[in-house]
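One chain, chain A, appears in both complexes that follow, with chain B as partner in the first and chain C in the second.
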Partner chain A sequence: MLGHAACWLSGLLTLFLLLFIVIFLVLKGIHVISWDFIATNPKPSLDQNLTGGIFTPVIGTFLLVAMGTLFALPWALATAIYLAEYSEGNLWVGPIRTGIDILSGVPTIVFAIFGLAIFTNPHLSLFSTMVEDVANAKAFGRSFMVSSITMAMMVLPFIIKSIEEAIKAVPSAYREAAYGMGISKWRTIRKIVLPSAIPGIITGVVLGIGRIAGDTAIVWLCLGGSMTLTGTQPWWQPQNWLATLQNTGSTLTTYIFYSSPAGEGNSPDKAFGAGLILIIIIFALNSLVDYWGRYRTLREE
Partner chain B sequence: MENNRCKIKVKNLSVWYKSFQALREVSMEIYPQSITGLIGPSGCGKSTFLRCMNRLNDLVASFRLEGNIDIDDYNIYKPETDVVMIRRKVGMVFQQPNPFPMSIFDNVAFGVREHNPRIKKGELEDIVIDSLKRANLWDEVKDKLNVSGLSLSGGQQQRLCIARVLAVSPEIILLDEPCSALDPVSTAKIEELLFHLKDSYTVLVVTHNLGQARRISDYIGFFLNGNLVEYGKAADLVVKPSEKSTEDYLAGNFG
Partner chain C sequence: MGKMELENVSVIIPEKASSTTGFFTKPRKPFKEKIIEIILLLLTVLSSILIFFVMFFVISKAIPVLKASGFSFVFSGGWDENFLNAWQTSGEQSALKFGALPLIAGTVLTTSGALVFCLTFGLGCAIFLSEMCPAWLRKPLESTVRLLAAIPSVIYGLIGLMIVVPFISKHLISNELSLRMIKICALDGTSLLAGIIVLSMMIGPIFIAMASDAIKSAPKIYKEASLALGLSHWRTIVKIILPAARNGIVAGAILAAGRAIGEAIALSMVTGSVANLPNPAHGLVFFLEPVRTLASTIVDNAEGMSVAACESALFACGSFLLLSCVLLSLFSRIFSGNLRTGGVSDK
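Our next item is the complex of A and B:
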C-alpha cells in the first residue's frame, strides 16, 4: 500500500517537475516574447533592452536540425537495415553493436572536441571557411556543416536503435509473402518492410531532432560564439546558402548560454524567453512529425 | 503411377533443424493439373515438406537438407539455382491471410510490377482484374480496389493472397493450411476455387482438416514423425489405407 502510494506520488512529482519548468520559463520569459523578439537579429550590447532578438539563433536551430537529420538518417537507416536484416551470423555484428552502445554513451562535448579537431585539418577546409587563409596561425574549423556532421555522429546510435526496433517489429508474414512470390530480399525490404516501418523510423527521427535542437556542447565548440550568421550576406539568398553553411552562427541553446550571466552575458530575461521558444519549437517539431506519421499510416489502412 | 509426367519429383528428402530431424528420406512424385493433399498430425513434417518446394526453409538458419527435389527435371537445390526464380514458379499461400498493408489493387499488382517494372498500365490492370476473377474475389472488390487489403474479411483476404500469387503466373501453388483461420463459408469458397485452379496449376495443400483433404484432393500423402507413411490416389487411400497408422489417423484415433 505504502509502495503503491510512493510510486504514484513519484509519477505525480514528475508531472509537476515539467509543469514547474514550463511555468517558471513562462513567468520569466513571456514578457520579452513578441514578434520583434523572434524576428530581429541579436545585437551586442551591455544593456539588456538593446540586445535585439533571437532571429538568427532560431534559424541556426532549424539549420542544424535539418542538416544533422539529413546526414544522420541515411546512415542510420542503412546501418539499421544491416543489423536487422543481414547481420545474422556475421562476425562483425558483435563489435558493431558494442560500438553503437558505447557511442550512445559518449558525452556530446567529446563529440564536439573530436569534430573540432578533425575539421580544423586544412584538407577539410571545404566544410569551414574558418580554416582557409590561415598561413601559420590555426583557426578552428567551425561552421554549420561541421556542427551538423558532428551532430549526426552524436544522434546516430539513437536513430539506429529505434529504426532497428521498427524493422524487427514488421510482421515476418509480410516478408514470407514477398519471398514466396519471388521478390528478392532487398526489394522486399525496400517495398514492404521499410514502408511498414515508417512510424518507427519517424520516432527515431523525432528523437534525433530533440537531441540536436537541445544540444549545447557541440554548438558551443563547433559553431562558435558569434550570434549572427557569419556567411556572405544576405544569408537567405540562395547563392549565399553554401557560404552560410560553411560559416558560423548560433542556435537557441548557445544564445541562452551566452545571454545568461553564466556565459558572460547580461540578458537573463531574453535567455528565459529563448528557452521558452526552444521548448515550443521542439514540441512543435515533435507533434508535426508525429502527426505526419499518423496521417500516413492512417491513409494506408 | 504415371511416372513420366510428374511435375515435382522428390527423392530421399531428409531435413534437419539443428539436430532435430524433421523429414526422413521422403520420396514422392507430384502430378500436374491435380491437387495433392498433405495430411498428418502437428509436427509430422508436412509443412516443412511444403516449404522445401519453394526453398522458403532457406530462411531458417539451422535448416539442413539432403536429397533432391526436381521441378520439371531441374534440381532446385543445386548450388547455382536462382532461388528468386524458383519462387516465381512456385507460389505460396500461408496459414494466416497476410495481405500487404496496401490497397487491394496494389496487393495484386505488387509482384507483377516487381517482376516487370516497365509494364504498361492497361496491361497491369488486365492482369490484376484477371487474377481477382480467377480467385473468385472480383465481384466482391471491384468497386473498392483502392481500399486497403487489410479491410477485407479473413476469407476475402485469403482469396486476395491467392489472387496475388496467381498474378505472377506460377506453375505450382503451395497452400499451407489455407483455411485453418477461416469460417466454414469462406472455407467452402476457397475449396471451390482450388478445384478450378487445378485445371491450370499443380496444387499442393497442407491441411489439418481430413474432410477437406477428402473433398478436394486427387492424391493424398500421410506424414507421421517425418516419414511419408502412405501416398496414393485420394479415393484409394481414404477407403482402404494400407498402413495401420494411416487407418488410425483417418479414424480419428490420434491427431
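Our next item is the complex of A and C:
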C-alpha cells in the first residue's frame, strides 16, 4: 500500500513539476512580451527597462536552426539510407553503429570545444574571421557557420536514428513491387521508399530542430557572447549576408543565459520573457511531431 | 454481368502494364548504382568516425596540461589559483600544472545526487506510468514526461537560479552559519544541493521515459502468471516485473548519468562556479557549499581560451568528460542489448 502511495506521489509530482514550470514562466514572462519586445534589438544597459528586446536572438535561433538542419539533413539522410537499405551483409555495420551510438552520448560542451579547436585553425578562417594583432595567426573560430556545423554534428546521430526507423517501417511489399517492375534499387529508394517515409523524416528533423534551438553550450562557445549580430550592418541586406554568417551573434538560449543573474546583462524579467517564447517554440515543435505521428498511424490503419 | 466486368479487368491490365513500360525500357546503368552506394557508404563511415575525430582533437589539445600535471590533475586541488596563474603568466612551463580534483568531485557529487533522486522518484513515476496509471491520466502524463525532457537546460537553470537558489539561501542558510563559513566559502544559496535538484529535474524525464518503456516491454505472461498465483499487484511489480525490466532500467540510468555529467549551462548557473571541494566534515552544510563540475568549468572559464595553457586545461576537462561519456555509452550498450530477459515474447 505504501509503495502504491509512493508511486502515485512521484507520478503526480512529475505532472506538477511541468505545470509549475509552465505556470511560473507564464506568470513571470507574459507581462514582458509585446511586439516591441520581439521586434527591438537587445541593448546593453544597467536599467532593466532599457535593455531592449530579443529581435537578434530570435533571428539567431532561426538562422542556426535553418543552417544546422541544412548541414545535418543530407548527411543524416545518406547515413540512414545506407544503414537501412544497403548495410545487409556488411561486417562493418556493427562498429559503424557503435560509433554513431557513442556520438549521441557525447555532451554538447565537448562538441563546442571540438568546434573551437577545429575552426580556430587559421586555414579555416573563411568560416569565421581572423584575429588581428596576434603573433601566431589564429582564426576567431566563433561564427554562425562554425556553430551550425558543430550543431549539425551534435544532432546527426538523433536524426539518423529516427530517419532509419522511418525507412525501416516502410512495408517491404512496396520495395518488392518496385523491384518486380524492374526499377533499380536507388530509383526505388528515391521514388518509393523515401516518399512513404516522409512523416518519419519530418519527425526526425523536428526533433533535431528542437535540440538545436534548445542548446546553449555550443552557442555560447562557438557563437560568442555578443547579443547583436556583429557582421557588417545592416545585416538584412544581401551583400552583408555572408559577413553576418561569418560573424557572431546570439540565440534565445544564450540571451536567457546572458540576461539571467548568472550572466552579465542582469535583466531577469527579459530572460523570463525569452524563456517563455523559447518554451512556446519547443512545445509547438513537439505537438507538430505528435500530429505527424498520429497522422501516420491513422493512415496506416 | 460479373463475367463481363472480369473480362473488362483482364483487358485493362495488360494495357496499363504496357503503358508503364517506359519506366523500365531504359535500363539504369549499373555503375551509377554503384557510385551512389559508395557515396552513401562514405558518408556513413564519415558519421561513424566523427567520434574519433572529436576524441583525437580534444585529447591532443589536452596533452600539454595532462603531461605536465600527471596524476596530480586528478588528485590535487587549486584549480582557480592555477588558472589565474596560467592566465597572468600567459603560459610558461610552470603554469601548465593544474589540479582538477574539486571539479571531478563536483561532477561526481552532482551526478550521483541526481541519480539518487532519479532512482527513487523517477522509478516510482515510471512504475506509476506503466502499471497503475488510470487510463485518463496516462496520456497527459506521457506528454508531460516528453515535454519535460524537451525543455532546454538553460530554462531549468533559470528556474533553479530564480526559485531553488533563493529558497535555499532564505530557508536553509542562516546568517550565523554563513558568518561561520565565510573563511571557507561564501554560502549564498548557489550550492551542491541546488545543482542536484536542478539536475534531477533535467535527467528525471529521460530516465522515466526509458524505464517505463522497459517496464512495459517486460513479458506480459510473467505478470499474468504471477497474478494468477495470487500474488498482489505490488508484489508482482517488485518481484517479477522490475527484475524482468532490470536491463532497460539500468540502461536508462546510465543514459541519464551521461546527460548529467555533460550538463554545463544549467549547473554553471546554480552551483556557484567556485572550484571548491565540499568538506564532508561540515555535516549537512556539505550540501550547501558551492561546487563546480568539469562541464560548467569549460563554460565559466571560456574567456581563458585565448591563452594556450588555459585552453589546454579546459580541453583536459573536456577529454575527461568525453572519455567518461564514451565509457557510459559503451556500458549502456551492454545492457540495452537484451532488453527482454527470458526470451519470451509478450504475444
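Convention: the second predicted complex is superposed on the first by the 257 of 301 C-alpha atoms of A that agree within 3 Å, B and C clash if a C-alpha of one lies under 4 Å from a C-alpha of the other, contacts with A are read in each partner's own complex, and residues count from 1 in each chain.
Throughout what follows, a residue touches a chain if its C-beta (ideal position, glycine included) is under 8 Å from a C-beta of that chain, and two chains touch if they have at least 3 such contacts.
Since the structure is predicted, the reported quantities are computational estimates derived from the model, not experimental observations.
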First (chain B), second (chain C), both or neither touched by A:Gly89: first
Partner chain(s) touched by A:Ser184 [first = chain B, second = chain C, both, neither]: both
Contacts of A:Ser196 with chain B and chain C, given as first, second, both or neither: first
Which of chain B and chain C A:Leu70 touches, first, second, both or neither: neither
Touching partner for A:Ala173 - first (chain B), second (chain C), both, neither: first
Which of chain B and chain C A:Leu278 touches, first, second, both or neither: second
Of chain B and chain C, the chain that contacts the larger number of chain A residues: C
Chain A positions touched by chain B in one structure and by chain C in the second: 181-184, 187
Partner chain A, residues of chain B touching it in the complex: 54, 56, 59, 61, 84-89, 91-92, 94, 96, 98-102, 110-111, 114-115, 148, 150-151, 161, 164-165, 168, 174
Residues of chain A defined as touching chain C within the complex: 1, 3-4, 6-11, 13-15, 17-18, 21, 24-25, 28, 75-76, 78-79, 81-83, 86-87, 92, 95-114, 116-118, 153, 156-157, 160, 181-187, 210, 213-217, 220-221, 253, 256-257, 260-262, 268, 271-272, 275, 278-279, 282-283, 285-286, 290
Chain A-facing residues of chain C, complex: 20, 23-24, 28, 32-33, 36-37, 39-41, 43-54, 57-58, 61, 120-122, 124-125, 127-129, 131-133, 137, 140-141, 143-148, 150-155, 157-159, 161-163, 201, 204-205, 208, 234, 237-238, 255, 258-259, 261-265, 268-270, 295, 298-299, 302, 305, 314-315, 318, 321-322, 325-326, 328-330, 332-333
Interfacial residue positions of chain A with respect to chain B in the complex: 88-89, 171, 173-174, 176-184, 187, 191-192, 195-196, 300-301
